[in-house]
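Both of the next two complexes hold chain A, though its partner changes from chain B to chain C.
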Partner chain A sequence: MLRGVIAKRIAQLGIVRHGLALIATVLLGGLLSAVLVRFAPGFDSDEQELDLHLNSQSIQALRQARLDQHNIFHFYLHSLNRAAHGDLGTSISLGQPVTTLLRQRIPLTVRLVGLGLATAWLLALGLALSAAWIRIAAYDALNTFLSGIFLCLPAAVLALLSVLWRVPAALVIASIVFPQLYRYARNLLAQGYASPHIITARAKGIAELRILFWHVIPVAAPELLAVAGISVSLAVGTAIPVEALCGLAGIGHLAWQAALARDLPLLMNITILVTLVTLLANSTADVIGKALRGHEA
Partner chain B sequence: MCTQHRKSFLISIAACFILAGSAFGQGELRFCLRSEPKTFEPLKVEDEASATIRYLTGGVLVRMNRQTQALEPELAQSWKVSKDGKQIIFKLRSGISFSDGTPFSAEDVAYTVQQLMDPALHSPTGDAFRSGPGNVETKIISPTQISITFPAPVAGLDHQFDQVAIMSAHSPKKEMAVLGPFMVDDYKPGASLLLKRNPNYWKTDEQGRHLPYIDSIRLDIQPNRDVEMLRFKRNELDLINTLDSEYFDKLGAISPQLVHDAGPSLDSEQMWFNEVAKSPLPAYKKAWFRSEAFRRAISEAINREDLSRVVFRGHAQPAVGPVSPANKFWFNAKLKPESYSPDTALKALQAEGFRMENGTLKDKDGNAVVFSIITNSGNKYRERMATMIQDDLQKIGVHVNVVTLDFPSLIERMTQSFDYEAILLGLTNVGLDPNEQMNVWLSSSDNHQWNPSEKAPETAWEAEIDKLMREQASSADPKKRKEAFDRVQEIVFEEAPFIYLVNRNALSAVAANVQGASPVILVPQTYWNVERISLK
Partner chain C sequence: MRIGRATTWRGAACAVLLLVAGVSLAANWIAPEGYAKQYREAADAPPSHAHWLGTDEIGRDRFARVLYGTRISLLLAPAAALLSTLMAALIGGLSGYLGGAWSRAAMAVTDLFLSLPWLFLLITVRAVLPLNVSPLFSVLVTFLILGLLGWTSAARVLCATSATLRDSDFVRQARASGIGAVRLFWMHVLPNLKPVLYAQFWISIPAFILSEANLGILGLGVAEPMPSWGSLLKELEGLVSVGEEPWKLVPLILLAIVVTSFQFVLARQEEAAA
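Here is the complex of A and B:
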């Protein structure tokens, strides 16, 4: 009986469909990144070939090492097969197993992205709520102006400023993500507060906190959850230039190095990882959003 | 009273020890690595960062003094190279241990050499010893004496051992057991590396104090030079090993005592034309680029003094050829930098059938002389040099397009597709011996960049260079070797396969709290005497 209810609920939420779509997208993302790297100019070259100490045999050995990556479909299937056994291959540019490199770098990026996201959400929701609550045009304009400035600044400029002013890099990620969140959250909350039943409730003198938590947030929650999924993708994407420019040894820095060196095994695995994380975040937000809407209905 | 005297005496002694301790044996030296070290295995070193770790941690049999450019004994007390240049016998010091306490002996040297010469290792250090086919033989004469015999003569054989860090044959710690002044203590991948003083390091100073003076070295991995400079200014770093001329002047304007210009380095900036027969260039362009008169004329039309003055703010010298004047022994002092003379260049081109039409130079078939110079993007000095060359050549009617490419794309064009017309790049010379450049000059080599991997020399002058390079490599007589390599430099000057532009100066920065640093032109410029560096 219970099993039947759970299965029905899973079907309703489309978890299986989401899961299948996720796997297919991740595999396709990995293949696309591999194809892009394979056909990028300079794929076949290695800076080490210019080492004047190397003799012809050593240079040929370097070139030979890249030969097994020429047939990209063969390489990709072989890589997937190895990955199924826990081996993600070896980085060409750093000469270390990809698994080791990822294990070393993931904690820093998780910390950086996590802190950045938390700060961005706190800031965005705080300002959006206060703007919707206070409803003073000047305050709203000031917040919009502030978020507009951050929206205009490229991630690279903010990263360099953070180095110059010794600001934690997580704040750079927060500065990039916050304006996007703020604008969306502000509009949602303003919309919520403008709905007839809220106006009536306010007119009847119902407490503001009760209005916020019982009537405004539940309505805005599914949309905010969808934005939460997107904010993860945004934060992960921002981490690449931020880590590269601030010299932080995370996944973003590694991706930058891999791209410069046309390091196919490393870049392909990082792409798969990033695709997986962003899709998981979006799918989770999607499923929870659906569940909330279903609950409301 | 007596007790008081004794107390004072003891306090004085203690104070002396504290003071001595503060001058020597304390503190952490901090500087940056520009990339992550690829390996800690000294025999596999191929990148600059790993070479730095090897220099700081590895014990070598002999070491070239970076200041005097003379070879000095280290783990080997003495050594002797056979007349035919094939064999070297080392007499080793006794009573030395690796950082983990494993004793050092001739067995470790034999093990290191055998590992190094394994063809499957493809070690750049090992390849430098490979002068002919066959195996290397090591013979342990006694625990402190070993002979190493190579199948063919190796020129500058003893000097090559400067790069060979001896590994332990028996230590369970493998490459982490070292004989150098420091050992790896902590490694945060992608972030930093901490080296700690090797407690078993064998050297002492003239006063009998154990070297090195400093306790540890923190190496931060920082590819961004702006950030490196910023951190140096904030006193977060003690050294910058190679400083750009722009930063040198900026820092020098604030604190002149912190910056050091050691004069022209061994590195050169040069350009060359594509002379590869199978390249996808039109035949008339191939004909220009393969013409010695064309190359010399282009060389004469480039104002090297201006390149040095404008691009490098005076911190570079016009280059003569493959050897920098800083390489005192091997530089051919008879040669002078090509003088800037656009008029002479134009006349030489006209003598070859080129003609000027409405400000454009055309060849005898009426093709306008237009070509592109490729250089690596992001290197502002090379980009500026290429732009200045563009201006210089415009004066003789030659139109140049400057193209910047990222390094992998450039290397692919240079080494595989040969789809380029001219390239502007630099050559980093680590060693002084001409054998370091063997793979550039031999026409059969992959690094014979203007026309790699020739089956047989395609020109008479390349055949002569091949012969001279092989002659000098097989001779143990420095005078004969010098004569042969002087002639190579003359041929290169006359034929201009590489148009040498400038030799950059060795610029560095040393913080005021660092004592004993004496920057030189050879790598590693600022910390070559790291064991004698102390901190205030």
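Here is the complex of A and C:
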């Protein structure tokens, strides 16, 4: 009985469909990055061949190994097969297993992005709620101006200034994510307040706090959740210049190092990881949003 | 009253953009020595009568570099925006109009691109191409990448708009009167996508300017000695104190002013699209 109810709920929320779409997109993303790696100029050359200690047989073996990777599907399937066994290959530029590099760097990025996102959401929701609550044009204009300033500055410049002024790096991520969130949240709340049922509630003399928490926020919540997924993607993207310029050894820094050194196999694995994270965030937000809408209905 | 104030702001923004574009286009006359000439005896000099914004650490006139850099960024960002808008119109508009499997396939590719953070996607694709290239080639590659990758979000909007138009009465009537599919798309669907296309074009310009700046600071943008806002902002890395060398912030202030002006102009385009 219970199992049937759970299965029905899973089907209603489209969790299986989301999961399948996620797997398909990640596999497609992996194939795309494999194609890029395979056809990138310089794929066929190997610095190891210049090593004077290698004899002709060793050089021939190296060439043969590369020849095996010429077929793109063979190359991709081989990479997938290795990945399934926990082997993501070795970084060309850093000379270390990719798995080790990722394991070392993921915690810092998770902490940085998490802190940045939490700060951005607190700030955006706080300001949007207060603007909706106070309803003074000057206060609203001030908030819009503040968020507008950050919209006009590149993340990399903010990262450089954070180093100069010794501001925590998470605040840079927050300052890039916050303006987008604020504008969206403010518009949603303004729309909510303008809806007929809120005007009726006000006319009936219901307290403002009750209107906000019982009638405005629940209506805006599913759409705000959709933005939550996008905000993760934005924060992960911002982590690259922030980590690279603040000297923080996270995934963003690793991606930047891999790009500068054209360490393409490493970049391919990071691409798959980032695709997975952003898709998971978006799918989770989507499923929770659907659940909330279903609950309201 | 509010509308009048907004129009004034937009007018001022357009004037600022025209002024900046005009001055940068006159770079050859204002700074005839060019952006690469070195004044070795005056390296890293503060502002003076000869060098209004001082010189950089290898003795190049910073004012000349700002002028030429502004020209490159202001000319190529709209060019990249135009390319991405055309691609969005073609892929998004056409797939929405055709519908069915075409639409699903186009949106699957769009979703794939959108699932990656924009800056990460740029860095990955830029890294795949050779990094050690001539300055002119680096300029073209940087803005081509922006144009070729920046169509995805616009394509999604255009696909939805185009799908709505496909089922509209006037398109059905045109189809019933025997107009061919290509002519129908070209003469009836595409003109109705214009407001969305204009809005997407204006949205893309400031986004591409900021993206180029980010790439430049990370060392993956326009190569030296060619200046662009990205490469000029890279100088902020060596900044010890904003108070001691405020003139180094001029490219940043100029970029912020230009992007803000685009945001004001953009508001009008969004209204038009709505």
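A few comments on the model shown:
In the analysis below, the second predicted complex is superposed on the first by the 262 of 297 C-alpha atoms of A that agree within 3 Å, B and C clash if a C-alpha of one lies under 4 Å from a C-alpha of the other, contacts with A are read in each partner's own complex, and residues count from 1 in each chain.
Just so we're on the same page, contacts are C-beta pairs under 8 Å (C-beta built on N, C-alpha and C of every residue); 3 or more make two chains touch, one makes a residue touch a chain.
As the structure is a prediction and not an experimental result, all values here were calculated from the model.
Once chain A of one complex is fitted onto chain A of the other, the partner contacts of A:L32 are limited to chain C, with no touch recorded for chain B. In the superposed model, A:I59 lies in contact with chain B only, and not with chain C. After overlaying the two complexes on the shared chain, residue contacts for A:D51 are found with chain B alone; chain C is out of touch.
In the superposition on chain A, A:R105 contacts chain B only, with no contact to chain C. In the superposed pair of complexes, A:T271 makes contact with chain C only, with no contact to chain B. In the superposition on chain A, contact of A:R262 is made with both chain B and chain C.
By the document's definition of touching, of the two partners only chain B reaches A:L254; chain C does not. By the touch criterion defined above, A:H85 lies against neither chain B nor chain C after alignment on the C-alpha atoms of chain A.
Of the two partner chains, neither chain B nor chain C is touched by A:K204. Judged by the document's definition of touching, chain A residues 40-42, 160, 164, 245, 260, 262 lie at the interface with chain B and also at the interface with chain C.
Against chain A, in their complex, chain B makes its touches with residues 36, 38-39, 46-47, 119, 122-125, 127-128, 130, 188-191, 220-224, 226-227, 230, 405-412, 415-416, 427, 436-440, 444-447, 453.
Residue ranges on chain A touching chain C, taken from their complex, read 25, 28-29, 32-33, 36-37, 40-42, 148-149, 151-157, 160-161, 164, 233-234, 236-238, 240-241, 244-245, 255-256, 258-260, 262, 264, 267, 271, 274-275, 278-279, 282.
The touching residues of chain A, counted against chain B in their complex, run 40-59, 61-62, 93-95, 101, 104-105, 160, 163-164, 245-250, 253-254, 257, 260-262. Taken in their complex, chain C has these residues touching chain A: 108, 111-112, 115-120, 123-131, 206, 210, 213-214, 217-220, 233, 236-237, 239, 241-242, 252, 255-256, 259-260, 263.
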